[in-house]
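Structure provided below as structure tokens; questions to follow.
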């Protein structure tokens, strides 16, 4: 069992994290280095398809045990409830008004697919396996938090007269439930599950062998996005930046305990911690912009993207992994 | 000689997240068509907007409608409400078109 | 003080398949230049047009020409014939430009 | 020799077809899942380059026998003549006017590269080889049908006065003959043929190993296109939808018999059947829009893309393969 | 009834390499915002411009500014100097806008 | 040791060069074959990342000897000084005025990344290794020539009154130093150097195995660009076209001698020759357009892209390699 420091260091000098760092520096220095948007969208789709398909094949080989159902229930529970914790903290510890606090809260109930994928890469190095059902959790956790966030906003804003109470219109509901990532993750999961080993022989040369390298390149692009936004901190404010650092820790703790409770493996526990710790920066912002326009994207996007994402990627993943080892060892 | 017809040209530059609502309004008030230029960036009250990487949150689109005076004024009436809390501008000008039946 | 010159601005939104023919006409009647915004989508008589995936069949482009009154009217004269059986609109407005020698 | 039902089923649960199905469902449900256009254009180029190059290498190893010449002659003959059959059927069995019937006919004389590529994937699973010359046929069949289509339109429309008789201008001719797919297929074929085995060692890691996976992803995108267009059926009308289903069967029959006649292998026969059965939805629509604007793209595109393409992909390929086995067995 | 305010619409089509300088000028003279349509191609004195493959050398962008008369004229004054040796045109027209505070 | 003619021929019928030729023909014939711009930008980034990373891993395994410092010094020296030679020749042998001569000179002091990558491919076929430090040279040579070019323009134009003397503004300096290619090359080099063999096992499936095939596809795109510009020759004029052919030869000679002097291997010498012989067509044109607008891009882009690039790719590389063998043999 490698020590926390050890694995933290290994993580630091992995191509993944180093390319991310390169991106951050280049973006911060305003280099014109940029991955064309369609390419980065394509890489994101690749990562989701690959992770979904692998998860499905894993499910096929190990069968759908009771944990699968438990895992899905846990996913929904976490995504629905975590925004309540986040909202309480935000209202107590920061100056955010109701709509902004509600919007931020929704982000932390949801998840970051890339952080999850990076964590699977981290586990991959240590050849530690994980349950396919965790991939289903990834897909399920993306949207419920949005509902909670909007309900919180609604409750808090109803007093304030004249305010159009934020509604989750049928359209928006359909959109978030059918959002690109959800559909691709679940679809690939099903296809992987249906085609199993044979399917994997077909897909492996594209989705297994080059996977980590593609992830590294994608993280370069993420780094560029983060680096360009580092300056937005001022807009965010330190009490909020602090939230972006301790909220993941709380989330990870909740994730680890509940994951242990439903009997997931070391890998599974680590990944659930990552899910609970991570914050959405694509699906939820889009939904908030439509359903809660009173909240300011210049607050929730940098917080989730430029604070929590890098923290999880560099410090969080090895930390949650060490904690998972410790808990698993109990 | 080809006949020209006086119309209004309404150019709405708005954040992508609001585009659908605007277009639905445009059609609901009876405009026969519209043109959409997606992927436009810009700067305004709500700061710089030019990051298509992350969903539509920081992307603008430009919606152009050619319509008769009366329908145009309906669009103008509806716009402020739809743009509340959103980044967006509405620019109106006088134009002439051929093929009146299109409008 | 910088001198401004009165010109006509012709904005032609047309299906991509017809763009070349339109541009050839524009040059043939003596316009000195044009601007092309490809990848525009929209809706009109001929329904929604926004699928660049499949060749140019469902894609629009926007062609903008700034020209003197006389050349502009030639473009307007030629347009209806070229647009027969094609999706497209022609929108004319009054503008002023600097650097007259460009037009 | 696996039975028709068997291979139909295998085909159904191949990742290729399942990803296509995922796309259809997502598109139909208006999910925002979308492959960025440049990526899908890039994938299409990849498939054509790979298929062309492999065909060329195959030609190099087996030499240019007499069948090559025969195959090319057959390709031209099929592409020029099939529109006549299609046109006759359309005028007899549907309400299409002259220009629309002529336009649709041209589509069925031409071919769908993706359907062909999918068929090579299908054969690949069964490790059944095919003649490289068939790839040349694919390239040759794309354009001649356009000429026939325009001639048919011209004949039929000349009466109707005032009608600009549709002409195949020099420009358009150059364009279709030099269209992206034709140039890339023939070019890659030549390069594969010139560089042979050595060339293949260079290209294989990119064009052989990941080929099927890339095809699956591309079919996901095709599925999205099809799903979004399923609603256009109304515009098409049932007599025409029926045509979109029986025309491929007739075409396949003609393809099989003629392919047998020139002595192609089981694989070759299957692919020629697929060529004859498939309909263009890229090159021909573009040419028709320019040269025959009186025809309505809202008719010929959905018919070719949303009716015939899925039919061939799911039902046609295994069916034509079974028929080829049967004929080969005679 | 929604109030409309008279403004000038300045449409600058210029080679991408010069876009930044133009935008800096626009902000320096006090315009509150601008819209940018990148990836436009075209033809003019300096020949055909439509190759985004190679850096920005043969690419154009379109910059649109809505501004009050006075700021508009400052932009017009500054333009010729900035466009010397560069491909670019400046087109001015009269428009009306809602939400005056944006401009 | 293979003869010049032999290796020239091998080079000619390599997939790389053949796909380039295909592109030139297709572009020249105005085929609509086109690689979507984001894809070709993506391929370019891929090539730079791959070449940089490999160079870094190579440096890690062989350590940073004294040659590394010498190599970097040589790179700067070449890039700063070569424009002087080019400028002298241009003023003497062509009708170019000061700003155009200065602009063209800058291009020839800088380098073409793709030519360099193609040369590594050429060496790869012959499994001839090269020093990782040469990749650092590639990154270092890109920008200094711009400074020399602008100084030349300034000196020459100062007389002519009223002329805004071309300045290298702080902005532009930052831009060229932080240009996409420089940052990605140096960044990948560092990451490859830091992660070494382990990093390579992660990246290899993506950046080593398919490398040559990706290069071939990228050269297809380059060919298309070149083919479309062949007609621009008229604008360039024959005395200038001639310069585009003999300047690389002079550059290569200088490169070979100096590379030999600092004790580089056969592979290293060949690549330095290629660096000295090649001309920039992306970074330098962009910088010139901003800092020296009086110079005409319709002159320097076709010259560098449509004359010198193909010459180096087809004739130059095998020639410089043969010369390097000869010198190495002395």
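All chains are identified by letter, namely A, B, C, D, E and F, in their written order; residue positions are counted from 1 within each chain.
Criterion: contacts are C-beta pairs under 8 Å (C-beta built on N, C-alpha and C of every residue); 3 or more make two chains touch, one makes a residue touch a chain.
Predicted, not measured: the structure shown is a model, and the values here were computed from it.
Contact with both subunit B and subunit E is made by C.
Common neighbours of subunit E and subunit F under the contact rule above are absent. Where subunit D touches subunit F, the two copies mostly use different residue numbers: shared numbers make up under half of all numbers in play. Here the CA centre of subunit A is 46 Å from the CA centre of subunit C.
The geometric centre of subunit A is 40 Å away from that of subunit E, both derived from CA atoms. Within subunit B, residues 37, 39, 93 each touch two or more of the remaining chains.
Multi-chain contact residues of subunit F (touching two or more other chains): 36-39.
Here the chains touching each other pair up as A-B, A-D, A-F, B-C, B-E, C-D, C-E, D-F, E-F. On the subunit A side of its complex with subunit B, the touching residues are 37, 40, 221, 225, 228, 281-283, 285-286, 289-290, 293-294, 297-298, 301, 305.
Per the touch definition, subunit B reaches subunit C in the complex via residues 1-2, 4, 7, 9, 27, 32-39, 64, 66, 93-99, 101-102.
Contact residues on subunit C toward subunit D in their complex (touch as defined above): 15, 17-18, 47, 51-58, 84-86. By the touch criterion stated above, subunit F contacts subunit A in their complex at residues 36-39, 41-42, 45, 49, 174-175, 178-180, 183-184, 187-188, 190-191, 194-195, 199, 202-207.
Interface residues of subunit C, counted against subunit B in their complex, comprise 13, 37, 39-45, 50, 60, 62, 76-77, 79-80, 83, 89-93.
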